[in-house]
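For clarity, chains are labelled A, B, C and D in written order, and residue numbers in each chain start from 1.
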Amino acid sequence: MDVVDRLLGNKKTTEGNGHLPEDAGLITDAALLTQRTPWQSVQLARELKRPHSIEVIDGLFEKFQELHGDRGYRDDPAIVGGIAELDGVGPVVVVTQQRGATTEENIERSFGMPYPEGYRKAIRLYRMAEKFHLPLVTLVDTPGAYPGPEAEERGQAEAIAKSILVMTGLQTPIVAIILGEGGSGGALALAVGDVVLALQNAIYSVISPEGAAAILWRSATEAEKAANALKLAASDLLKLGIVDGLIPEPAGGAHTDPQATITAIKSALIVQLDRLGRVPIADLLSARYERYRHIGVVVEPLPGTVPVAKKQPFWRKMLRPT
Amino acid sequence: MDVVDRLLGNKKTTEGNGHLPEDAGLITDAALLTQRTPWQSVQLARELKRPHSIEVIDGLFEKFQELHGDRGYRDDPAIVGGIAELDGVGPVVVVTQQRGATTEENIERSFGMPYPEGYRKAIRLYRMAEKFHLPLVTLVDTPGAYPGPEAEERGQAEAIAKSILVMTGLQTPIVAIILGEGGSGGALALAVGDVVLALQNAIYSVISPEGAAAILWRSATEAEKAANALKLAASDLLKLGIVDGLIPEPAGGAHTDPQATITAIKSALIVQLDRLGRVPIADLLSARYERYRHIGVVVEPLPGTVPVAKKQPFWRKMLRPT
Amino acid sequence: MPFGRQRKEFPSQLWTQCPTCGEMLFNKQLARNHNVCTKCDHHFRLGARERIELLVDKASFTEHDTDLVSGDPLGFADQKPYPQRVLQSQAKSGEKDAAICGTAHIDENQIELAVMDFDFMGGSMGSVVGEKLTRAAERALANRTSLLIVSASGGARMQEGTLSLMQMAKILGALHRLDEADLPYFSLITDPTTGGVLASFASLGDIIFAEPNALIGFSGARVTSETIGEKLPKGFQRAEFVLEHGFVDQVVSRAQLRERIAFFLNAFRPGARDPRWSL
Amino acid sequence: MPFGRQRKEFPSQLWTQCPTCGEMLFNKQLARNHNVCTKCDHHFRLGARERIELLVDKASFTEHDTDLVSGDPLGFADQKPYPQRVLQSQAKSGEKDAAICGTAHIDENQIELAVMDFDFMGGSMGSVVGEKLTRAAERALANRTSLLIVSASGGARMQEGTLSLMQMAKILGALHRLDEADLPYFSLITDPTTGGVLASFASLGDIIFAEPNALIGFSGARVTSETIGEKLPKGFQRAEFVLEHGFVDQVVSRAQLRERIAFFLNAFRPGARDPRWSL
């Protein structure tokens, strides 16, 4: 079922955006959401006390061993990755961005804005997951890739592009979860997956509301307007088919009860990895290709050329929760 | 036929070291060589007027288009590579080290001593050869990999290791030619091939004679002694099975008639690429594996026949000052 | 000499002043020289249609997906509604969106060609550009031919929000299949190419060409210099700078582009491969 | 306090002074602590046999290729003939050459293990080391098990000239086959690991461990600083420095090594892989 149909409302609401059945307590129908304004989501997604990646990793996994380095230039602390043990699933590869909890940590981790070597470390770990047939779990939380001149000189654009390319063809299941802020290409470089989930108050945008306001409204103070226009809130992303399901947060937001949030993430993750684990890898790759192939809205006036909804891969039925 | 047999002289001299039939005017039997002392070879191999890589490329190929960059840090001028057209063979990928003809050029090209990014550019081109099924031709001429601290920081060792690893498994024919000085690992990173040729007065060594003299004779002035001991001259490399054939040079050395030298290189290259082109790739890879698998000399007596030294208290040797 | 006075003597619709050497250039002559200054080789930007004419064998270009136009999935409006911006750009540029795609021949090699048009909303990439480029890659895969993408873009199109961002993954998914099939993909980066376009297909060609002095960067130079609060190195984010840093294979001036691309098309042409080498 | 006076009070065959904290350590106790200073965690070098004992499940090590010894292919002699050096090293170290290889278990995972012995001619790599390590990799491939190589070496062995250099390609050829078969290769880098050993198998593990403060470098620090004629940065070529620069996954102190390696062996164990994911 493609995005156009979804936008026209030709979808069974019980199937949310049609990517996932309702299971694992995921929100798959935006209509069921207690609405917040996009601007409120921006605030919550950036909330300093919101559980950050390392805290989430500690809560999600039995054991975690961090692996360092891109094998070419430097170990970037803004990207944290390694091997972890997940209850009932076994070993997985985890890759995430890490913001700091303190100013010192933020400086060390460049506020969760990775350098090219960070993305190259991520690529190395993606390939490790593929080589050893381990599922890949990514946690996304970044204002964006680091924009400094050194990052430009070392190929920020190439590193992001390569990371996305590798993920599109990686021969192992991938679950990507937007934890907080999904900042443009710097986030996408970790967010190509078979299933993409977002926390209920996460945001994911092509540009920060401030950036868009500065360019389109010529005033950074219009950030709230931009946030509304950009449809960057999780509920919008669900409607647009960019994320497949939302992980509920406590009423006051994730930071009011990190433990409950992490528990919700964990149960969602286990269910999704179990589902994907039952899909033959070749089908997984075609489905991943189709997932992105159908994102976007185009109008093609010539009769008969408007893309029709693709029939679901055969394994979709057998993935209904039993 | 393995190296031990060769060393024991159990080989048909007409077959040289047994790797290649006599063809294309190659010298495959060291006995047929007009002998020079190793030290004379060292001088000739380092002769400033000796034809260097770019000059050789210009002479060998119809067209050459250089490709730049490692896609990660920098374009290293000490490594020159690209796509070239070879008479009767078609397009090939060429990768080489380039020393300078002038002091300025030598400084720009760090005297033909590549940085890690140089080897990473080479690896990128090796893989391009594989992807597009083009044979790979490498020309080796370097005092060694650049030994400065920046090179260490950017992973000189990793880059060389990776380059060698990739060549051992590259799914396309490889002909490596030692033009002048083959300086240790920095040379080997370009010199793993199905066929490895050397110019008659080239040298190829695990360490420079000066370096060996400083360490083993504790005086750099013993370099000539070291050169003799190291068996680094082309004729020795042929006997040892490290190179498969020698390309004859004009009587006075390559620099006395670069054009004649290049013509000899060209005819040898065409014959070898034609031979390799007729080998199915799977067989080529096994043969390449076996080629290196059998280099080296070990003695394996029946168990017990080797005198066993009596052990010291184990903590004695552990605690030798570090 | 005082160009201020000079310019008056040159009606601007007929003449253009070269920003590099100051020469006043007769527009028709400039166009005949593919927008390259006849005096100092300064490369002005070149329109998408002129670019195609420059690159392909005469009359060999067959355009595809000509009627594909943008929707308004977000109902986006800033100072103007998005659909209105699109209509204005269509009127101004005479194109339906920021990419023109088709099948063509270069030196008798059939290729799929996609050329971005900076004149259309700054060459920004939304769903239409994503769809057209993806189809071009899929056609190359189906026809077992090479793909050439000419980039000129400010990046992803804000007015389609995160959907524009997703086009990066959509196109790269198709390029990954091309790569798996060992089919050549060439990227030609022209002035300016930034943001999400550089951070996806533009940076991943088997061979990457750039035009002289083209602006090539991920973040806008403004953002970048603000990040460190200092001036940027000379030539920062220019083609020659990017070449030195290892991310571009060749900087090629416009006059040689076609022949240069043909060289690699011929070198990588399946015909040029020796079947005896294939597994 | 004046260690000069102190040392007299400690007969050196019984006591060792820690170069980091200055503590006088009772040798037997130091050995029991696997040569790690009980006061400041300084890691002394550890012999190959003790290393094996430290890493593998009790009594699980079966040695292979025990009698493999070096020839003298070059007839090499510097101040002493090479064969004489070898005999002396054999006598001094009690080993036949600079690597000990065998099959063992770590946390019940069968692996092929190769441990270099710095006490034997500085752990230098000649034909014997090359042959033994290659056989170890080939056994791992044949048995579908993991391979662990513990490096400690000054590099290639000069006395076998270019033949020593070729061992790098020989071993890497075998490691490439291991990689193609998706079998895990672990590299543990110990003090010191330099030259041709670092520039081959030591730097290419799926996971690379290093011991604290181990010297890890391609060129000797002397050569390197002479190259630029200045002093080197603090910590240059030490494990922690190499970690920061991205070439080592983890710096692990000796006490945790076995458990840490076991973690990855279990994570990468074919049993741990879900067959449903394989193509």
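Just so we're on the same page, contacts are C-beta pairs under 8 Å (C-beta built on N, C-alpha and C of every residue); 3 or more make two chains touch, one makes a residue touch a chain.
In this text, all values refer to a predicted model and were calculated from it rather than measured experimentally.
Asks: Using the contact definition given at the top, which chains are in touch with both chain B and chain C?
Replies: A
Asks: Once you count every C-beta pair in contact for both, which comes out on top, A-D or A-C?
Replies: Between A-D and A-C, the larger count of C-beta pairs in contact belongs to A-C.
Asks: Just how far, in Å, is the C-alpha centre of chain B from the one of chain A?
Replies: Whole-Å distance between the two chain centres: 48.
Asks: Measuring from the mean C-alpha position of chain A to the mean C-alpha position of chain D, what distance in angstrom results?
Replies: That gives a centre separation of 41 Å.
Asks: Whole-Å distance, chain A centre to chain C centre, using C-alpha means?
Replies: 29
Asks: With chain centres defined as C-alpha means, what is the inter-centre distance between chain C and chain D in Å?
Replies: 51
Asks: Give me the residue numbers in chain C that touch at least two other chains, ranges are fine.
Replies: If we look for residues of chain C contacting two or more partner chains, we find 179, 245-247.
Asks: Provide the list of chain B residues touching at least two other chains, using ranges where the numbers run on.
Replies: Within chain B, the residues that touch at least two other chains are 71-73, 154-155, 158.
Asks: Among the chains present, which pairs are found to touch?
Replies: A-B, A-C, A-D, B-C, B-D
Asks: Can you check the complex and tell me which residues of chain D touch chain B?
Replies: Chain D reaches chain B through residues 13, 16, 19, 27-28, 30-31, 35, 44-47, 49-50, 65-74, 76-79, 90-94, 96, 119, 126-128, 130-131, 134, 156-158, 160-170, 172-177, 179-180, 191, 195-196, 198-204, 217-219, 223-225, 227-228, 232-233, 236-237, 245-247.
Asks: Which part of chain B faces chain D closely enough to touch in the complex?
Replies: Against chain D, the touching part of chain B is residues 3-4, 7, 145-149, 151-158, 160-162, 164-165, 167-169, 184-185, 188, 192, 204-207, 212, 215-217, 225-226, 229-232, 237, 240, 242, 288-289, 292-293, 295-312, 314-320, 322.
Asks: Considering the complex alone, what residue numbers of chain B touch chain A?
Replies: For chain B paired with chain A, touching residues are 71-73, 116, 120, 154-155, 158.
Asks: Give every residue of chain C touching chain B within the complex, in rising order.
Replies: Touching chain B from chain C are residues 179, 182, 184, 206-207, 243-250, 260, 263-264, 266-268, 272-274, 276-279.
Asks: Can you list the chain A residues touching chain D in their complex?
Replies: Going through chain A, the ones touching chain D are 63, 65-75, 83, 85, 90-91, 117, 121, 128, 131-135, 171-173, 277-282.
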